[in-house]
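Just so it is clear, A, B, C and D label the chains in written order, and each chain counts residues from 1 on its own.
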Amino acid sequence: MVFVLAAAAASAADQPRARTLGVPFDGTPGLLDAITDVKGVTVGHSTIVRGEGALKVGEGPVRTGVTAILPRGRETMNDPVFAGWFALNGAGEMTGTTWIEEGGFLEGPVMITNTHSVGAVHEATIAWRVKEGAADATGYWWSNPVVAETWDGELNDINGFHVKQANVFEALSGAKGGPVAEGNVGGGTGMICNGFKGGIGTASRKLSDAAGGYTVGALVQCNYGRKADLTIAGVPVGREIIGEGARDDDEGSIIIVVATDAPLLPTQLKRLARRAALGLARVGSIAGNGSGDIFIAFSTANPGAARPTGLVALSDLPNDRMNPLFAATVQSVEEAIVNAMIAAETMKGANNFVVRALPHDDLRRILKKYGRVVEPTP
Amino acid sequence: MVFVLAAAAASAADQPRARTLGVPFDGTPGLLDAITDVKGVTVGHSTIVRGEGALKVGEGPVRTGVTAILPRGRETMNDPVFAGWFALNGAGEMTGTTWIEEGGFLEGPVMITNTHSVGAVHEATIAWRVKEGAADATGYWWSNPVVAETWDGELNDINGFHVKQANVFEALSGAKGGPVAEGNVGGGTGMICNGFKGGIGTASRKLSDAAGGYTVGALVQCNYGRKADLTIAGVPVGREIIGEGARDDDEGSIIIVVATDAPLLPTQLKRLARRAALGLARVGSIAGNGSGDIFIAFSTANPGAARPTGLVALSDLPNDRMNPLFAATVQSVEEAIVNAMIAAETMKGANNFVVRALPHDDLRRILKKYGRVVEPTP
Amino acid sequence: MVFVLAAAAASAADQPRARTLGVPFDGTPGLLDAITDVKGVTVGHSTIVRGEGALKVGEGPVRTGVTAILPRGRETMNDPVFAGWFALNGAGEMTGTTWIEEGGFLEGPVMITNTHSVGAVHEATIAWRVKEGAADATGYWWSNPVVAETWDGELNDINGFHVKQANVFEALSGAKGGPVAEGNVGGGTGMICNGFKGGIGTASRKLSDAAGGYTVGALVQCNYGRKADLTIAGVPVGREIIGEGARDDDEGSIIIVVATDAPLLPTQLKRLARRAALGLARVGSIAGNGSGDIFIAFSTANPGAARPTGLVALSDLPNDRMNPLFAATVQSVEEAIVNAMIAAETMKGANNFVVRALPHDDLRRILKKYGRVVEPTP
Amino acid sequence: MVFVLAAAAASAADQPRARTLGVPFDGTPGLLDAITDVKGVTVGHSTIVRGEGALKVGEGPVRTGVTAILPRGRETMNDPVFAGWFALNGAGEMTGTTWIEEGGFLEGPVMITNTHSVGAVHEATIAWRVKEGAADATGYWWSNPVVAETWDGELNDINGFHVKQANVFEALSGAKGGPVAEGNVGGGTGMICNGFKGGIGTASRKLSDAAGGYTVGALVQCNYGRKADLTIAGVPVGREIIGEGARDDDEGSIIIVVATDAPLLPTQLKRLARRAALGLARVGSIAGNGSGDIFIAFSTANPGAARPTGLVALSDLPNDRMNPLFAATVQSVEEAIVNAMIAAETMKGANNFVVRALPHDDLRRILKKYGRVVEPTP
């Protein structure tokens, strides 16, 4: 097997981001402005870029990958987190949600890949646990992993099933804290967003001490939308940039993962997941018919909440204190999407189809025209 | 206003019950075999029986009422309980569920009445709080009461809107612990169940110490089903009793309230609410198209969980320990339905329509025929 | 009983609207830019403005009302419409949704009022049917009306229960097509939105012939949000207007009604209802904890779909053709909210609390500053 | 690859069934008393039985398989069916449900396998379409297959991932109408139910002409429950049979597939799916915490409903006519479960663990004791 790490992945810290271009956002980001600002969360990518030219099913070209988000790093296998999920438009897949809805726990990583590799990633995620982990506290190996997807079939030989067990293991075993590679990496490698090149993006918000000092982080695999609808900082950027978008209609999908260290119950995390829709709307989405807009939120608080015996002591943030978390979620999601588009680079894929990157200069020029550019943040 | 307390209500302790007839059930009941075995829960009825003969809209005859279940008695107004709900078949109304689903709290009593008195009970429940209670901890009077209903339009002048504020106040202010009047009382006054007279019924289960010693109680307002489907202790009782049922089809509805003192989160209480369907199925229900089969479950544990500031410390029973609660719910609901039918007495209502009570002798004879009668429990 | 029709209601055609101020919107509005552009839909208001000065519960001041939306005008009573609903944040009430979810039909009008008048409106809506209508096709009077609410307790004596049967009858019997009064009318009379005076607003979109030529209309009762979050045409208007908002936090609520003549099934109408969230997001909402953001969508197509016998022949627009409807919903909702704020006038209510109208001049000035004002449309 | 077709599969017509033992059921079965009585539905199994003795992960012993249900046989790939789903207890997986909920269509087969082979079956189901089928009507290969599971880890080397693409192709390509093999076949090979050997079971009901003459069929992969709860024909059979059950607690799961030719909309099919819970309850289930009780219902009526252009003409059975379908669903599910247990044979699996079949003689003896045995039906 041959797979190539995108260059970007090696230099997550240097990639261009929305703030470095002067796009204005509300709220205060965490240190890295990334989902990994939520302590314990690790992210790993396996990026597969191979071949050029005409599509031959099973041979390529390959422009795909897989991304792993581990709520508690390696401890994820032993200590489930409270979680909730929401489908704004369910034209897609996120496996494992039936148990999240029922039991309130996310019992492993969140994996994101292309539509037709859900199966391979599902099996390999269990295999990784069998290899690296242990049975659960009741002596049981039951595994019901969360695997989500978006469609990269324009750039990638999606019917060739190129994501293999080794890729999944690479993403899972390589997951780490710190800066997160964005753009054409991991599951986001071959994605298209709002008519331009899409992919992985992330952002975070840090609440004030008065609001509890909690952190909210979002990571998106963004592959949705039409150029005509693209809105950044309230400005109709998509229409002002000359040329056609890479897709005619609002197809594609977006997977959004929201993490927080605020102590929330499953019902409250579902509320957070639902707010992801509002962040997405700010970038212009109408949640098109074919768009799998599926969101999951989890909390790293309350370790040990899933132990099977005795009574569990939990800490809970009251509903009445959730508004700052709602705002942070909306803002993180909005910025993560823009970050994905700004980090993604122009890509040539199957059948020499080219998807161009969002032109940074045009973006700045248009924001400026509407009085919506700010001093870049390093 | 004139309203009459049914005689039965005065003597809840003496009413006939399934166990006194030797119907076998699984599990161990609480002391009273009633929802009030869950400490703190109080129940009040207002029963309105007035007039005879031909129906004249607005004048009667009246065979209706309202029942109030207060999770923490009078403290209910100040200290919401965690709750969850489920509609097996949503051809009915239970107001207030949208907030239960969102916030996880039941913030007042559960009220049950006839279909067309939902409005009167809704307003009067708020009026009672305004009169007897206080604004919430944030200084806010916002009230979104839970009012559920079933249809008594065969026996009762339902378009006459005979449930008034005084009835609602009577049910709320008169709510108490101890034995619960069953049958033709409160909201159950004019109800029909499985072809015979229905109404209010209750039952409970006490878990073993090994299972935590928790109590589960159910209260039903039962008004659903066909005679042909009536099954008691697994025996097709309905078919073996001679004569026609009071309704041709599976119309009507059933409201089920499940209470427990086990420390459960909202997601877990939704699971309990869903189990009510399994108890209902044991009595033969197919959840007919017109049947509003709507269930709510709440926990009296975790007092203070709804306070709006700081962090809240909660106790939670793990999912892995819920099976005994599931069994207790199924069993309590099954028995509560049978209790409702056994306590209910033959009633003549509007237009001299008569709904006969389930004949106790026939029931015993048929259970005996199938080897399913046991020594009566006093 | 004394109640006063707001002057505005008499002159719906002359009220100021977003387009007359030059606010830019996407899409093509219908003739009236109102929910009544969907043929057959009628709207009626009863507005109650009475008293001044200190609040005395039960006496006033009164600043409230009720709004009725009838999908098929008077035929609504006899011919239910397909419908779907969605709660973005369920801190509020919309009765009747359990049956909409189960059966797929809205079997009467949608009523909107204040939080504590849900009961009065519920009962009176049934009473109106009893008075003006007939039993259903199966001979049954079962009524389960849809009544939604938002909180006007700052300006209105909400604990005084001032909405009476006569008001409900006025709204229902007075409902008509044509221009719809906006702002301080009907259920919207005492509402507050994004820190300024809120109320009723409406807008519509007409699809191209290629997209089927369908109409989508929205009507909102808007009472949500913080001044700081108010965004119009992508511009952070709320922050740029000097002064404090009428509420500190994102409290209040918004009820959104979406109507269309496109032939959609209940599952598809739920999809439309969900898109209302995206329109709301464009105006800056984070769906605050206490905000009851509850949406309903119905289709006037397929008359006779609810008849109880035989087989029903239906027409259905494929999912693959829904994107223009999604866009139209998002756009109509966004504009309806802005219209509500622009039509609403400064109001003084209970305890002389004053809520100022959104200042039109400031709005135009700020939009202009950001290059987002267009030539006004008459 | 070596895999062995269970002998039972070759002789579906001769297998013992509940009716041949005299178990009484309500309603009138279809010709085969199987899901294939619904015209067009085909079923295929791949059964893998290999090795004996001590478990060695990756080597065996293997007692597993996969079952495919194709709503329209081979046409399934080209013509989606309306569908709905319901999780009574979501401790399991059924992929593809998010799109069913959103779009209302099941766009391929329903596959059932063991918990850890969901991934392999998911990918292979797409691969089969790529090999045997075509892009959809919009030229798109997007595939989001429905794959459900239950746990066979006691008898089977579940961490060895023994279900391979060839098995999936065998089940899909071998699917046919006519009698359906039950018991230890396909996905049901290694399953345990109510303490005895479980597996695949099926049954059907044919409605009267007055009710429309429609057929309802159910197929279950049954792996849930405790011996102590097993109830057949209302009789507590499990307690009366001497000896221990194969599991201590209500673990395992049950997947239920309901098919009908009645013209129902997605919302109505969800109603059917929910009734599967009532059939399951009749056999004694409490829907234990670890039990993935997940149900799907589809209708073969309205071919062409999913075409992407123009308007689609649909036929719909009114809600008011659904009661006979509800009864048929409850009855078919109840009987399918009992059929699964009666067809399943004693199996020795990994580590020589033996799960005994439900003893037919004991069953007949106990039913007789309670007056609940009838003349066997051939």
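In the analysis below, a contact is a pair of C-beta atoms (placed from the backbone, for glycine too) under 8 Å apart; a residue touches a chain by one contact, two chains touch by 3 or more.
Because the structure is predicted, anything quoted here is derived from the model rather than measured.
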Legend entry - Pair with more cross-chain C-beta pairs in contact, given A-C and A-D: A-D
Legend entry - Most remote chain, CA-based centroid, reference being subunit D: C
Inset, instruction - Could you grab the centroid distance between subunit A and subunit D? Build each centroid from C-alpha atoms only and quote it in angstrom. - result: 35
Inset, instruction - Hunt down the residues of subunit C that sit against at least two other chains at once, touch-wise. - result: 89, 102-103, 271, 290, 319-320
Legend entry - Complex interface listing, subunit C residues touching subunit A: 88-89, 231, 233-236, 249-250, 271, 274-275, 277-282, 285-290, 319-320, 322-323, 326-327, 330, 369-372
Inset, instruction - Spell out the residues on subunit C that touch subunit B in their complex, using ranges where they run on. - result: 57, 87, 89-99, 101-103, 115-127, 130, 140-144, 147, 151, 153, 158-159, 161, 290, 292, 294
Legend entry - Contacting residues of subunit A [partner subunit B, same complex]: 102-105, 138, 263, 265-268, 271, 305-321
